[in-house]
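One chain, subunit A, appears in both complexes that follow, with subunit B as partner in the first and subunit C in the second.
Right after this comes the complex of A and B.
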């Protein structure tokens, strides 16, 4: 059982003893149930920290931003940044370390086990608790969650309101931690790749129709990319800044820069964008589900990444986010790798 | 002028209008959007508000301004792509979004008349639906000096009083639209007016007033450009474009030429939405970016809405619809920022 008071105590100690620069954690949300990211510098502010199933965000995105700021300002990081991380979040940190984007000494990981739970799906909650204004959500010791409303606590079986990715979670226990809270429990609610079963079984035309229909809706807010800890490229093909233009670029170079996609939001270009992203995440995505959560037009982006994850596992026996010393999927070649597609 | 139509007669009204393109709010999975009507339909009682704002009817995300094609003998043909003469009727515009249309009018019709916008505006009838209950926690129209029964920007406003709608004609365009079918409309009674007053009062009461006097808040902005507040308020921002693309009042656009083929030449000039929260928005071709970080971009958004636009147009470029705050992936709430600005010393 995780006790938030223990986490607060440790956070306070780390800040007091100047072991960390600041702490990235969760605080109570002001709009509905979902917790908000918080950045704590002062030991006394640690009281606002919370830990419950509403701590949805993968905060490792903010480590990426911190690193980018550092690179931009050419500043040397003196103290590590503290982060409260769930199991999946630590797996994304693992990939960032494996790819040498982050350095281990720059982060202080306070891992928290999801134990038998996980995080909630905002949409499921919205449907189930319409008009009841849920205020908090508490893990039970069993497979239930307690939703605190102004009408009292309501008990709900976890799988009814947990996020799909949590239902399919491989391990709810964080890794690489400097501190760890909660227990390492074995739990399995569903098969890891259950969510893509249905779409995999569809014939190609129906799959095309499905994705065309969804990606047609894309408004190119790029929230999926912006929220993703793995999307750390300084330059993205969809809106390149420096790739196309530098101080030295000639007018001709600027005029003739390659446009990978046009600004018109056509289904074709939307598909190109999303497919580029999917392929760039193959063997890297750790299924934190953030891209799908933030999508304003409900494109089931996670299914694409899940399919890549399955392919990596089946074809190459590769699982991302578990071993930081292993070479990454794309940069590695083994004799036994399937190569029947090379002709 | 106000008349009354029975709720049951609404599908008949739609049928009578069927030679036009009729748009109604309809559920698409978990959210509402405007869809072409299938014929005899009613307005869904459960309707809250559309996730994407109705600005797309007058300012589509992608709009071809003209297209140039190279014909035989090297002759060029210019197609002006402005053929829209058919009438679009949009039902279910919430009053906040109507107010947003009046903002867009100020931008696109006042000092310079944008022909693309103006044509679409003329050929669209916006029929509002007053909020008898504010649909979202973040609804803040009263903070912006409006109300759930505001009529700005609309042609007609429907007010649901249970088994009937009170129909308020705002523009001549609106009045003309329904004038052909007097049988469907009845006179408004004193009782109708009474129940409307009651609903109005209740609805207004349910909306949180975030800031007492927003013009005072605007004055504060003059002295807090360099405040730490912008850093703290934007710290969790992930630099996506949800707030601006979902905003009914945000209207910045970009114009590009897109080549479809080189030989024979086929190229179109396209206007698309742009987004001040993207780093590329202010990127100079020299490589310099005057708004290099998210705090300057977030600050810009607030200043444009509550300082610059207010100073030139006398209105805040925000309608309190709450979309930016409802759907921000990081939970940033514009109204909380405004409260902090109001409390700033």
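Right after this comes the complex of A and C.
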């Protein structure tokens, strides 16, 4: 069991001893069973920290923002930044370390194991409980969840409440941690890659209809890109800001502007944007499911990334987020890579 | 009725495939004129975005051709290409694009005949499939 008091005590100690600059953690949200990211600078503020099934967010994105800020200000970082990370969050930090975007000495990871549980999916909760607001979630070893509401405890199967990514989780135990809370337990609710099996088995035309139907809705708000810890480019290839044409742009500047897709949201350009994003995340995505969570039009973006993860594992034996010393997927090759598709 | 003529974009690497297609030309071997060659420095330099962009701008098929493994001018460019292109193939297939519209091949500078065969087969295949309208611009 993870006790929040232990985490608070450790956080207080770190801040008091000036081991970390500040701590990124979760605090209670304003609406029922929700959590908000919080940045704690003073030891006495650590009391607002929480740890429960509503801590959905992948906070490693804030490490990326911190690093970008440092690069911009050319500031010397003296103290590491503390972060409370779930197993999947530590994997995304691992990829950032693998790509040498972050340095290990700049972060202090407080890893928390999800043990038998995971995080809840707010959309599923809303659907399941309608008006009732759940107040707490208790996990047990039988893959059932106990949901506490005002009307008493309700027992539901894990699949109905847990986030999709948690159902398929590879390992609920964090890695690379400075401090670890919780135990390393083996847990399995569903086969890995179960979620994309259904789509893969459809005939090609139905697959096209499925994806076209979903991606047609995309409004290109770029929320998926903003929330993704791996999307740290300052200039995105599908949305070049620096090269934007203004009234003052000369003919030459306009001619030199690289424009792969239009700004307007046509289905084709939406599909190309998502395909490009998926390819850029191939072998880097660690399936934290944030892109899908923030999508305002409910596009199952995760399923695209999942396909790449499966291809990487099956064809190249590559798993992202477990080894920081491994070369990344597309900056490396093996002689025995499959080539039966090449003529 | 006029026969449908497919448009196929071919990204040919400068050192092997482009020379291979050149050989086919100077040897007076006949292959369909539907193939529009674009010479790139290496098959490894072909970004998946090029391929998607080609489809977006109206290509019915895309061919990427490079040196045989081990023959790359830049030693390992085609090995990187092999990985990247496999990922792209799987992804296009997954979203329901016809996988036959997208091909990769190894053609060396001496294989003019192979290039001719390849071009003929590919054009016939695409002619059978008809125009590509899934990823076309403004759709």
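Observations on the model:
Rule of thumb we're sticking to: the second predicted complex is superposed on the first by the 315 of 343 C-alpha atoms of A that agree within 3 Å, B and C clash if a C-alpha of one lies under 4 Å from a C-alpha of the other, contacts with A are read in each partner's own complex, and residues count from 1 in each chain.
In the analysis below, contacts are C-beta pairs under 8 Å (C-beta built on N, C-alpha and C of every residue); 3 or more make two chains touch, one makes a residue touch a chain.
Please read these numbers as outputs of a predicted model, since none were measured by experiment.
Residue contacts after overlaying the shared chain place A:108 against neither subunit B nor subunit C.
By the touch criterion defined above, A:271 lies against subunit C but remains apart from subunit B after alignment on the C-alpha atoms of chain A.
Contacts of A:211 after superposition on the shared chain: subunit C is touched, whereas subunit B is not. Once chain A of one complex is fitted onto chain A of the other, the partner contacts of A:311 are limited to subunit C, with no touch recorded for subunit B.
By the touch criterion stated above, A:260 is placed in contact with subunit C alone, subunit B being left untouched.
Of the two partner chains placed around the shared chain by superposition, subunit B is the only one that A:293 touches, whereas subunit C remains out of contact. Contact with neither subunit B nor subunit C is seen for A:181 once the two complexes are overlaid on the shared chain. Subunit A uses residues 262, 266 to touch subunit B in one structure and subunit C in the other. The part of subunit C that touches subunit A in the complex is made up of residues 48-49, 52-53, 56, 69, 76, 79-80, 82-98, 103-106, 118, 134-139. Every residue of subunit A that touches subunit C in the complex is listed here, in rising order: 199-200, 204-212, 237, 260-262, 266-269, 271-272, 275-276, 278-279, 282, 304, 307-308, 311-312, 315-316, 329-333, 335, 337-339, 341-343.
Across the complex, subunit A is touched by residues 29-31, 51-52, 61-62, 64, 137-138, 235-236, 238-242, 245-246, 254, 256, 258, 270, 272, 275, 278-280, 283, 285-287, 289, 325-327, 329-331, 333, 336 of subunit B. Considering their complex, residues 29-32, 34, 36-39, 57, 61-62, 123, 126-127, 219-223, 225-227, 239, 241-242, 245-247, 249, 254, 262-266, 290, 293-294, 296-298 of subunit A touch subunit B.
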